[in-house]
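Read through the structures below before going on.
Shared between the two complexes below is chain A, which pairs with chain B and chain C, respectively.
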Partner chain A sequence: MRVGVDQERLEGMSPRKRVNRGLIRAREFLFPFLVVGLSWELLVRFQVIGLRTLPPPSAILVEFWDLVWNKGVLIHHLSRSLYRLTIGYLLAVGLGIAVGTLLAVRKTLREMFMPILSMLISVPTIAWVPVLLITIGLGDNTVVTAIFLGGFFAIAYNTMRGIEMVNKDQVNAARLMGVSGVKLFASVLLPGSLVSIITGLRLGIGYSWRALVGGEMLSALVEWGIGKMIYQARFWNSVAVMFVGLMVISVSGLLLDRVLLKWLEKETVERWGMLAER
Partner chain B sequence: MSESTPIIEIRDVGKAYGKGSAQVVALNSVNLDITSGELNVLIGPSGCGKSTLLYLMAGFEKPTQGEILLDGTIIDRPGPDRGFVFQDYALFPWKTVLGNVMFGLINNGWSKREAREVALEYINLVNLDGFEHAYPHTLSGGMKQRVGIARALAYDPKVLLMDEPFGALDAQTRKYMQQELVRVWEKTGKTVVFVTHSVIEAVFLADRIIVMTARPGTMKGCVEVDLPRPRDYTGRSYLAIREEVLDLLEEEVARSLQR
Partner chain C sequence: MGVSWRKPSVYVPSSDGSGGWARVRWLLPLLPIAVFLICWQVLSDANLISRSLFAAPTQVVDELVALHFRELPTRSLLLSHIAATLKRLLVASFIGILSGTLGGVFIGTRRGLYRFFDPLITLFMPIPGIALAPLFIIWLGFGDPTIIAVGSIAAFFPLVYNTAAGVRSIDPQLVRAAHIMGASRTAVLFDVYLPWAAGHVLMGVKLGLARCWRTIVAVEFVAAASWGLGYMIWDAAEYLRAGGVYGGIALLVVIYLVIEKGLVNTLEKYTVEKWGIVRR
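== the complex of A and B ==
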């Protein structure tokens, strides 16, 4: 809702005012980073904290540049990770929505499988990885499976909850107009539960990222990937590389959420006025 | 409009929820005939099962006793020979006004082009020209319910079932919508079953007022309203009928409160 109001206000502004406003926002966004970064830099430089192995932010930025440009490896690590994430996450989305729907519309299935789902949902995905390493192998497939498991439960659960909470009279109206089965799912249940499904997609992509990093660290045959990069930096004692990895993970996570999911939300449930109701 | 065979026959219908000692009987042996083309209003104290009866006619729920026939066929599921207007509108928020009204047409064999044409006709009928592409959340309550009426009528059902459709509206809008409904009903000639707990509304709208008892709901009596339209809310005969309905209701309201 708030975004909508801001939008209206923005549209009534002159371009110059709009740029100014953008600058103010950017300043507000960057300010905390500057404060944290600067204090960190000073604390390390003047040896206030006695951690000799902790690099200052300036060293991390230099390392970042080095990895991007001189060594040129960061892009390989990142693209490999994103490739795995895409496959694992899309599997989680597809199967999660399918299973969640099935559990919502078939009461007997829900009563049968809900206990299992509730138990598995609380298992940290990283705990699966050793099992996967032995059963599936030491390579890509294990990492992708971990990513899938990470996202699947959150998406399935939230889909189920969303469909259960779809307005009963909207379903009645559709049934009266002769709609049932797959058509009912596509035209009423899916859009009607989208608020909750998007929550699941959000949680899911967070869990998938975590699983990705953990999986890459533990899978011996995996050579490229952000998680691997962090893990391997241990051997060269390069804490700066680790921090670059952490930075890349947090920024990409934020971007995926803000760009992809925020966009989906804006084009659907926000446009349909379904966020204000809850 | 054949006076002899009713379009809806309700035969000894009962509805109970739950089992054993926790069982609640909502309706008990209801018998009622609805005549084709009439505007029928169902009225009764709150909790008397009038909305339940309407949901049974729609086929959203099944009676636990007896049967309901629509045009000679037993109702056992929802179907497009009925239109329904919900108290809380139940529009699809992800569809525009046009999309909502087209929904029943598209899913019942109309081509996209025909559906669009018919939908636009009904949007015009309920005076919503210019709002075809608006999403429901941008509309006022009265406008939303006009979309609800257009959506329910567009695919040409045999009967229009309305569950306290103006209950959520403010007094002024409510009055206006009552006049609008009479206008639309006169134009389409649909059989209407309208549930309300407002006597004022009932006498303004109805050809026939069906009064129900307190729970478990059953028929208390019928009042034929033989007033010319357009009606006002103050004429002497209007007030006389209002008194008659109120008298019937009063005993039942008292009974429902004593429990």
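== the complex of A and C ==
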């Protein structure tokens, strides 16, 4: 695991070195955006690109500041979105892991439900939205359900795969020692399949995030939300607002993935360390 | 409790006397689908679930058949919708896959370029396609240009990312060996880099096609002028014709399965497996 190695290397460094390294990384990451932004600005300023509807980055930044501070709506949009995402995603995690485990452990259930599951997996998440719009309504519940559906299938599928691949000898040994039920799940199956489950969780948050944006755009009665902000901007032709929305979507999507991934993978590394000590 | 690992499956031959059961066992997966559909049908015939929200299976079929026959002497509406979506998928995925592969090779073979573009790709890749739709509607209007543009962007990123990763994973010794033996730049590109990265590229094609398909349907919801499966579903939802919505989604699933199983797997068979570099 690359992350593990990085972690070890970081631990050996002095705090100051660590900060320096972080700064170098941040600079390397931001440099391309600076170049692209500057050349975009210059191209628009000197009218090389004469698109009436393409604002320069400076205008987008001004709009960003306006939305954050003067109008103060961006925070509201984002917090509504994150609130929906939290509910939908947590539901997906809980039910996804439960269903995945059940399907992995019970062979008959798996043989019965795999075809339906693999059929439902191949429905694009966004295609659920029209169904939800006519069955659940045009409001919040539709968006939350779409988020749930987006994450659920990826998590359930990867949980199932992970548990199937747990070493059978370990499971048998645990059974011989009288471990079963929830305890077997928590102390053998879950640690053994955690890598695969985490893959599912990462995929799931990506799908959920996409479903969130799409669901907000398509649900008529939703008023707040980052997807809605972009969609509404079309009615007053404000391209700058759209760019701000896209920026926020991509940065927060990335942060969710990175923060969640970092934290979870640290947990697994720690768990593995614990296992090695035994 | 868990049955599957109580007896190690290795010791149990697949046909251990229970021949009759084994012969019909493959029917088991179809059973829940059939039961599900029959329950659905019976419940809605008995008016226990609303027909206008959860269209009964017969209603779905009726709706699709009606759509097919409505203007039949001149054209079939159903097939026109499907054809419109497939045409967009074809054009968008072609543009996306070609430019993505070329871009991936271009930045994958140059270290500096890769370090420059990697952050940009990391940040732009996770943007959902449908979020780009309003922007492109302003630039290109409703209809084909917007849908195809957003679809090709969706296909582009998995290709560029995976191709670059594949090209970068090549053993430098191989490239040096080829150069020493007098291979030209294009020969090295086509005979060393591409076969080596083929597994990655194909993975990218799979992901890219899937993304392209999803994005095109999604953008059709908001940007299609009058044709396309996404438009058909959206139109049915607007007028609360549940049969059309469920029928459209069923079509989405079937068409995509055909594309994936038929096209992608064949492609895999004739390229990667032939070269003997399938990673299992």
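One rule holds in what follows: the second predicted complex is superposed on the first by the 249 of 278 C-alpha atoms of A that agree within 3 Å, B and C clash if a C-alpha of one lies under 4 Å from a C-alpha of the other, contacts with A are read in each partner's own complex, and residues count from 1 in each chain.
One rule holds in what follows: a contact is a pair of C-beta atoms (placed from the backbone, for glycine too) under 8 Å apart; a residue touches a chain by one contact, two chains touch by 3 or more.
These numbers come from a predicted model, not from an experiment.
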item: Which superposed partner A:188 touches (first chain B, second chain C, both, neither); value: first
item: Which of chain B and chain C A:16 touches, first, second, both or neither; value: neither
item: Which superposed partner A:172 touches (first chain B, second chain C, both, neither); value: both
item: Partner chain in contact with A:114 - chain B first, chain C second, else both or neither; value: second
item: Partner chain(s) touched by A:213 [first = chain B, second = chain C, both, neither]; value: second
item: Broader residue contact with chain A after superposition on the shared chain, chain B or chain C; value: C
item: Contacts of A:251 with chain B and chain C, given as first, second, both or neither; value: second
item: Shared chain A contacts, counted only where both chain B and chain C touch the same residue; value: 172, 175
item: Residues of chain A touching chain B in the complex; value: 167, 169-170, 172-179, 183, 187-188, 191-192, 194, 268, 271-274, 276
item: Sites on chain A touched by chain C in the complex; value: 28-33, 35-36, 51, 53, 104-108, 111-116, 119, 122-127, 129-131, 133-135, 168, 171-172, 175, 180-181, 184, 206, 209-210, 213-214, 217-218, 227, 230-231, 233-234, 237, 239, 242-243, 245-246, 249-251, 253-254, 257
item: Chain C to chain A touching residues, read off their complex; value: 1-6, 8, 25, 28-33, 36, 53-54, 115-117, 119-120, 122-124, 126-128, 130-135, 137-139, 213-214, 217-218, 221-222, 233-234, 236-237, 240, 242, 245-246, 248-249, 252-253, 256-257, 260
item: Residue ranges of chain B touching chain A (in the complex, touch as defined); value: 58-60, 77-80, 82-84, 86, 88, 90-94, 103-104, 107-108, 135-138, 151, 155
